[in-house]
Structure formats: structure tokens, C-alpha cells
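Both complexes below contain chain A, partnered by chain B and then by chain C.
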Partner chain A sequence: MQITMLSRQVNLRMPSSRALAPYLGLLVLLLLWELITRLKIYPEFIIPPPRAVFDTFVQTLLDGRLWTHTVTTVGQMGIGLFLGLVAGVALGYLIAKNHMLEQMLSPIIVAIQSTPVVAYAPLLVIWFGTGPTSKIVTCMLTVFFPMLTNTVVGIRSVPPSLRDLMHSLRATRWQMFTRLEVPAAMPILLGGLKLSATLSVIGVVVGEFVSANAGLGYLVKLARDSYNTPLVMVAVLMLALIARLMYGAVALLEHRLLAWQSRSRRQNSL
Partner chain B sequence: MTASLAVRGVTAVYTAPNGGSLPALGPVTFTTAPSEFITLVGPSGCGKSTLLRLLAGLQVPTKGSILLDGKPVTEPSPRVAIMFQDANLMPWRTIIDNVALPLELAGISRDERNRTAQALLPQLGLEEFAPAYPGELSGGMAQRVALGRVLIQRPDVLLLDEPFGALDALTREQVSADLMSLWTQERQTVMMVTHDINEAVWLSDRVLVMSRRPGQIIADIAVPLPRPRVLAVTYSEEFGHIAQRVRANIERA
Partner chain C sequence: MMRAAPIRSFVGLLVLASLLFAFAPAGAQDELTDQTFFMTFVPNIQFASIYTALEKGYFSDAGIHLTMEHGDEPVGVDLIAAGQRQFGLVSGEQVLAARANGRPIISVYEWFQKYPVGIVYPENSGIETVADLRGRVVGIPGRFGASYTGLIALLAANDMTESDLQLQEIGFNAPEVMCVGAVEAAVIYVTNEPLQINNRAADGDCGDITGVEVFRLSDFTNLVSNTVATNEETAANDPDLVQGMVSAFDLGVRSAINNPAEAYLLSAVYVETLPLPEDLETFLTAAAEAQATFLEENPDADREIVAEQRADLLASLQEQFDADTLLQFQILLASIELWDADQLGYSDLEDWETTQTTLIAMGYITEEQDVSAAYTNAFLPAEE
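Here is the complex of A and B:
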């Protein structure tokens, strides 16, 4: 009797302590940070105390600057992500279906893909100006390639036996696309989206680093130039938060769209 | 409605990787009577599956012609349904949605196709599995879903490519008995590929034995056992004689 009660208590505590673990890690990190600044190992302009970063956060939040720059970055990121997704999936689909096109385009694609976007971002600024367009384009390009590759792999992964089945049922081209190719490729497409969504933040920031007068990347650069380290950290933390939220959103989408996968796996492991 | 097939001098030749030609089948000639249950047996790689793909219109013969009630088959027909060697289900669709797929592609409304599929599931022993996913099913159950997906098309011709090949012996016997009783209701023309001689004799009106590649029909053996047939008929003397003839012909293939 006592043993049962004890084990029940343990069972009740286990999940909640596990859920708290990430926050515990964060707390330890914060304490360590506070400790380092208290011990004055580094000057404040290199590692400012948490309190200074928090004050800067509140201040920039209240005077509206943080909000304005965040909106600029998120807006450009949203457009770039959307355009990159559409272009990557569309071209990826065509390449997966057409070997001639693949052979024609793959040397160009590999060349652009293996060049860091940072290297040719100045070129994009020359072409698309210092306004939002160049940031949207850098974001679009960082999203485009992983999406393209995953679409090609995803569409190629459609089992030929299911294609036969669809043919034998006289499926139209559109039905083949919507009822077979899209759902069959979905796990791989979502893998690409997960990668793309987080990369899209990098894409915009790269554009903003090269030349901009708004956005979180611009804020990082501006604050660094004036040795306002707390502001650099506020902007960086904001970018990290955005990337994390994007990742979380795709994970949520994955959970909803691929519910069948987890159900199938659970049964197979029994 | 029921249908008859006429296969006339059909050959299939593939292109080998080195550019040469690889004869896979034929020439094959035979006709089926309406409502006939025919099984195809023969050594592996003799072109049995190719013949079924040709009959399904998934592939065009290199030479010869295939006629369905006198009309040439050049593409998949709504009157012909094919069931593949493995269940070949869509893992992202529930069982009921997998069974209803042919109706969905034919543009039938969700309500109507769900009603039709739901009515079919009990005959296949699947009624509790409607909302499950294929990954949650055993091999035998998955094969029943595949059978349901074929039957919902109400085809006049049923093409079965080793439908029970991946199942264990007991499940196999069970599912083929179910197939037999379903066929007794509808009496479609059936062409079924199998490796199991007893299964072939027990199910069919005629057993066609094919030779090694390129497969030709080397024996056409009638099975005059009365229907309905119980499983115990496999122990009768007459059954044994027919099975023996089929085996002897496979051996000389």
C-alpha cells in the first residue's frame, strides 16, 4: 500500500519536473551570467550585467524602437519566406519531373547554393537597392535552396507502386499531385520548411547587415558601432526568439499534418 | 455486368540496360468466358505480372492486342480493377479513406463514398478499423483493405497479382476463402497470379501454366470441381489429380 502511494507520487512528479528542466537550464545560465559580471572578470561593455540588458529591453520597448525594428524584420522575413517557399517548391517539382531540366539547372544551382549568401549579398544590394527588396531577396534565396532540394527528394520518394495504383484508377494529373505527390512528400517537405523557417531569419539579417536603415540586423550593427553592448544583446535575443517561434510553428504544423505517422509508429513498436 | 477478355498474340519486350531487347512475355493467346475465375501459375520472372499490367492497361503490348468485350485495351478502364502484390495503401489516409479512394477520384461526394465504403467494411471484417491508419494494421488486415479498395470499384474484371503472397499460411487461407465468398456474390471475371498450386486449383475454373521467360502458356487446365467449394475439397482425390497435373506442367516449364 505504502509502496503504491510512493510510486504514484513519483509518477506525478516526474512529468512536471521534466517539463521544468529547460527553464532550469536557462536559470542556471542567467545566474552564471550574473556571477561573471559581479566578479568583474570582463569590463561591462564586453559582458554587461543581465540587469542592464533588461533595462535596455524595457526602454527600447517603451520608446517603440524595438517594436518598429522587429516589425520591419518580421515583415521582410515573412515575404521572403513565402516567396522562397513558392519558388523552391515550384522549381523543385519541375526538376523532379523533368530530367532534362535537372541536368540543365543542377550545375547553376549547386554553384549558387555552395556560395555563402553573405558573399554575394552586396551584389544583391547593388541590384535591388538599399530598401526592403534586397533583404527580401536575400531571405528568399536562403529559403529557396533547402526547399528546392527537399521538394526534389520528396517528389522522387513517391513509391512507384502508388503511382501505378493512381494510374489504374485513372487519376488526373491534378489528382496525382494533390492526392498522391503532396501527401507522400509531406514529411520531407515539412523537414525542408523547418530548416527554411529558421534560415529565413538569417537571410534577412544578412541583408540588413550589408545595408539598411531599419530592422533588427540594422539595430545590431548600429548598437555595435556605438559600443552599446546591451542593445546588441537585446536585438540578438529578439532574433533568437523569432527563430524559435518559427521553429515552433512548423513543429506544430508537423504535429497536425503528420498525426498518422506517430499513430502508425506507436502501433508498430508494440 | 460481366466481361470477357481476349488476348491475341501478345508479347512484351523490355529494353535491357545495355540497349539490347529483353523479351519478357509471349506470344500469349487465350480468351476468358464471362464470370470465369482464372489463375496464372509459373516460374518467377516468367512475365505473369507483366501480363496483368497489360490487362490493366498500365502498359501497352509490344505486339498483339488485348480486347475487353471486343474493344482494345490501351489504357486503364473503369471496368477493370487491379490489386497489387503488397497492400499498397496510402499510409496518410485512414482505412475508410483508403477504401473510398477510387470513388473520390471518380468525383463522388464525401457523404456518398463514405456510406458506400462503410457498407463494404463489415464483409471484409474491417468495420472497427474505419478510422485507423494502415500502419496500425497487420499484413492480413492491410490486404483486406486493398481488396476493399478493388471491390468498391464494382469492376467487371478483377486482376489480382499474388494478392496473398506476403501473408502467413493461415491468414492466407482465411483471406482467400473470403475472396471466394465475395466472388460468389458478384461473379466478376478474375485473373489471379499465384505461386500456390493448391490455392490456384481451389479458387479457379481454369489454371493457366506459363513457361520460363519469355512466358508462354504451356497448359490450360480446367477445374471442374463443383461450387460452392469447402476447404475440405482440397483433400479429395479429384482435387489431388488436378493439382498433380498442374505441378507436372510447372516442372516441365
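Here is the complex of A and C:
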């Protein structure tokens, strides 16, 4: 009884120290950064002090520039991510179900997937124009392939015994899809979504780097061209923050959607 | 004991080999200073003077083993400012913007004596002065870079502003956009797009346009364009190196101006896509040899005579070759017009001041600086 109590106390304490760890890492990084600038290892125009970056952050936040560019990037990223997910899941499902389709499309998919998006992004700008469409398409293509691959793997990982069980219960196609395939493939699908969500930031920024009038990628380019290194860092940190939030949102979704899995594991262990 | 002798021999050989290795290559190659020269864009004929200097050994004569590196200009500026590169091509506006943001770089050779930007417009379009562009749709690659800076300066020199035009961002597609009639004029590089549009017009492939004219910025005012830049530390602490670099660069420019046929042929080693069919190569080789002989016999030939020879050469080429084959050679000749001056590489204070005024008007820099600190003519070769 005492042992159980003790382990509970330990468990209660553990999460708080774990929760603090990332902040501790961040603090160490900040201190290291400050130290490097104070020791003047690099000139300030290469690595500006944290204070200069913070001041630029506040300034661009107050004058609305940071918000405008962030909204542009997030908007394009959201649409690109959504379209890429829908297309990736839909085609992935069809490929998982149809080997002929897989054989037909896999050489093309592998060829495009293995080509860095930055290599064909200039073509997308020529084809889709310098407006938001080219950025959305770049983002869409970036998230499409991991989602497609994970969908194929996810659907094919459904145990045949469960399929047989569903068949024996005379399940319809729709029931098979909603009651078996989607829940069974969910962990792998969410893994793909996690990857896609972070990649979507890269996709949209690549598009904005090639040609844009707004967005955080454009802000990085603009700041670099005007030799404003603190502003480059503000935009980069903003992108990192967006990517982290996206990852966090999917992790939260994963936690909610896969709660049943953890529950069943606990029940099985009991 | 029996094995000691072979081991000793082996060690002896090793020592001997090391000594040979250490001393043998101490020849000419080791006396050269390795330098990576930062350049913008990609290898192309507009860098012909650098290729000429390399191929004719001007850099190695100056004790420099030069490697070229291409990249984005701001990256190059930061590398030079941080001392990771010592030399590179940087435009005047970037020198000023970089200095305004704490980068200690300095221009030591003004390669382009005239700013290469202008506005192209169709002949017989009713446009005769810059003021005639008021209210018209004018294409521009974008509101950035040299094109935009040049436009603002050109308009300012004619008491106009951006709001007097209907500016349309068209990317670097002026020939296509003009030929379909989507814009009435376009901001361009004078060495390039007008030639392309004229060629298309001559082929009847440019809509209603039969030919084009250009308002050149340099006819109204001048900004500082491409320069050779270094960092202040190198300029102050290694003047011999800077002198050597500038002298070699200058010889390359001089050589390309005097013998463009030779410069074109030498550039073919570096520019993969340079058109050089066998008949053109034969023609240019003969022209280059003839010009070399002329220069040997007339070492004091003045600028006007050499310019006439370039014009004659182009006329002869045009009789035998089509416009597409000659386009890159024409770009070289047009570039030479922008390099040529009574004193090559010389920087003029007024041009730097105009550049600063333009940048301030654009909001690119906010405060005036002492522009005389941004450049120096101290390393230019002495005039003969």
C-alpha cells in the first residue's frame, strides 16, 4: 500500500519536472546565445543579441507587420494543408485498395516525392502565377506525399483477421471503412498528419521565397535583402513557433482520437 | 634484429618522401593566394571580363588563385563583411544599404560605369519623352532590386514618381509581356531585353511591335551599379592584395573592351549555354587574332577607334549569322558600353550621392551616411 502511494507521489511529481524540461532547454539556448554575442565571437550582423531580436519582435508586432505576414502564411498553409490531406488520403485509400492503380502511379509518385520541392517551386510559380495559388499548391504537394504514403500503409496494416470478422458479420463497405479501416489505420494516419503539419510550413515558405509580396518567407527575404538580421530571426522564430503549434495541435488531436487505444491497452494489462 | 634494417630503410624513405613533398611543390602554384570571388546570378556572358582575366592569367600574375562562386547578393555581402570572403561583385546600392546596417564593406572598383537599367517602349507608339509615360501601363520585374531602384531614379530625374505610372509586376518576362501587348513599356536591363524584343520584332514574332527604343537611366542621371567590393579590414591591412585584385580585374575589363571576340571565345569555357557554332567560332577566332595584331601595332588606339571596330565587327557578324546566334555576343557588346570609360573602374562621388538619395526616397535606407567612405579609387591602376 505504501509502495503504491509512493509511486503515485513520484508520478505526480514527474510530469511537472518533465514539463519544465523544454523551458529549461530554451533557457540554456538563450543563455548560450547571449554569451556568444557578449563574447563577440561573431559580429552582431551575423548573430544579433537576443535583446535586439526581441526589440524587433515587439516593434513589428506593434506596427502590425508581423501579424499581416503571419496571417498570410498561416492562411496559405491552412488551405494547402487541407487540400493536400484530402488529396493524399483519397488517393492513398484508392491505391491501398487497388494494386493495379498502385503499379500505374507508383513510379510517378516516387519520382515526384524524391524531388525536393524547392527544385520545382519556380515552375509552380510560372504555372500558377505569383499570387497565393502557387504557394498553396507548393504546400499541398509538400504534405500530399507523406499523407498518401501513410494512408496506404495504414489501410494495408489492418489485420486480415479483423476484415474476416467484419465480413462474417456482413458489414457493408461503408461500415468496413468507418468501423474498421479508419480506426485501425488512425495511428499511422495521425503519424502522417503530424509530419504533414510540420512540412506544410516548409512548403508555403518555399513558395514565398520564390515569389511573393507577403508572408513570413517573404519577410525573411525582405529582411535579408535589407540587411536586417534581427528581423530575419524574428520571422524564422515565428515560423518555428507555427510549426511547433501545428505539431502540438496534431499531438492533441492524436491524444483525443487514440484515447480508446490507451484505455484498451490499460485494460489488457490489467 | 634481422628486421631492423628494412624498417630503418622504410622510415628513411618515408622521411625523404616527406621532405620532397614538403619542398617540391614550393613552386609558382604555392605562391598564389587562394581567393573565392563572390558573384551574383549564374555564369553568363556579362561576366566575360572576369573569364578573360582568368584565362589570360591576369589573376595568377597578380599572385591570386581565383575561384568563382555564385549566389544571392545579400549573402555575398555578409560573407565579405564577416571576412569569410574578401572580394565580390556588389552593386552600389547594396554597398550603401549594407554599410547603413553595420556591414563594413567598401567598393574598390566601379566595374559598370553606367547603371544598366532603362525603360523599353515600342517605336511609333507616341512615346517620345519619359513624361509621355504618364498614365501608361509599365511593366517591372517587381518592386525590388536594381530595376526598381533604376526606375525610381529615372522618374525622379524627370520630376515624376511611381504614382504617375500604372506599374504592373511582370517578373523577368518583359519580351513576352510586351509582345502580347499586356504592357505599353517595361523596365529592363538595357543590355538584354531590348535586344531580345528587337530580334522577335524582326522575326515578326512580337505582335504589332516593329522595333523598340529605350530611355536609359544613364542618359538622365547615374547610379552606382556593379562594383568590386572588399571589407574594410582587407582594404586597410592588405593593400597589396586589393591592388593585385583590382589590377587583374581591370586588365580583364580592358581586354574584353579591346577585343570582344576573344573575350567571347574565352567565356565559352565558363558559360555552358553560350552559342558557339563552328562557323561562328572560326569567324570570331579570325577576328580576335586580327584585333590582337591591331592592338599590338597600335597600343595607344583610343576609345573611339576601338568602339568603331566593335561596331564594324557586329555589322560583319550580322551579315553572316542570324539574330539568335548573335544575341549573346550583342549582350556582351552592350555590356562593354556600360563598362567603358576614360578611366575604367573610377568612382564618382556624385553617382554615390544620387544612389543614396534614391535609396532614401525608396525608404530602403533611412539616414544619410558619409558616402565617400563607401568607396575608394586608391587601388585603381595608375593612368598611363
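Rule of thumb we're sticking to: the second predicted complex is superposed on the first by the 245 of 270 C-alpha atoms of A that agree within 3 Å, B and C clash if a C-alpha of one lies under 4 Å from a C-alpha of the other, contacts with A are read in each partner's own complex, and residues count from 1 in each chain.
Going forward, a residue touches a chain if its C-beta (ideal position, glycine included) is under 8 Å from a C-beta of that chain, and two chains touch if they have at least 3 such contacts.
Note that this is a predicted model, so its numbers are computed, not measured.
Overlay on chain A: chain B and chain C fit together in the combined arrangement. When the shared chain is aligned, chain C comes close enough to touch A:S211, but chain B does not. Legend: residue contacts after superposition of the two complexes on their common chain; A:H167 is shown touching chain B, with no touch to chain C.
Once the two complexes are laid over each other on the shared chain, residue contacts for A:T130 go to chain C alone; chain B is not touched.
Set side by side, chain B and chain C differ in how many residues of chain A they touch, and the one touching more is B.
Residue contacts after overlaying the shared chain place A:Y227 against chain C, while chain B stays out of touching range.
Residue contacts after overlaying the shared chain place A:H99 against neither chain B nor chain C. By the touch criterion stated above, A:F45 is placed in contact with chain C alone, chain B being left untouched. No C-alpha atom of chain B lies closer than 53 Å to one of chain C in the superposed arrangement. Residue ranges on chain C touching chain A, taken from their complex, read 72, 74-75, 77-78, 81-82, 97-98, 100-103, 142, 144, 169, 171, 364. Here chain A touches chain B in the complex through residues 159, 161-162, 164-171, 175, 179-180, 183-184, 186, 258, 260-261, 263-265, 267-268, going by the rule given at the top.
By the touch criterion stated above, chain A contacts chain C in their complex at residues 42-46, 130, 211, 224-228. Contacts from chain B toward chain A in the complex involve residues 53, 56-58, 75-76, 78, 81-82, 84, 86, 88, 90-93, 101-102, 104-105, 133-136, 153.
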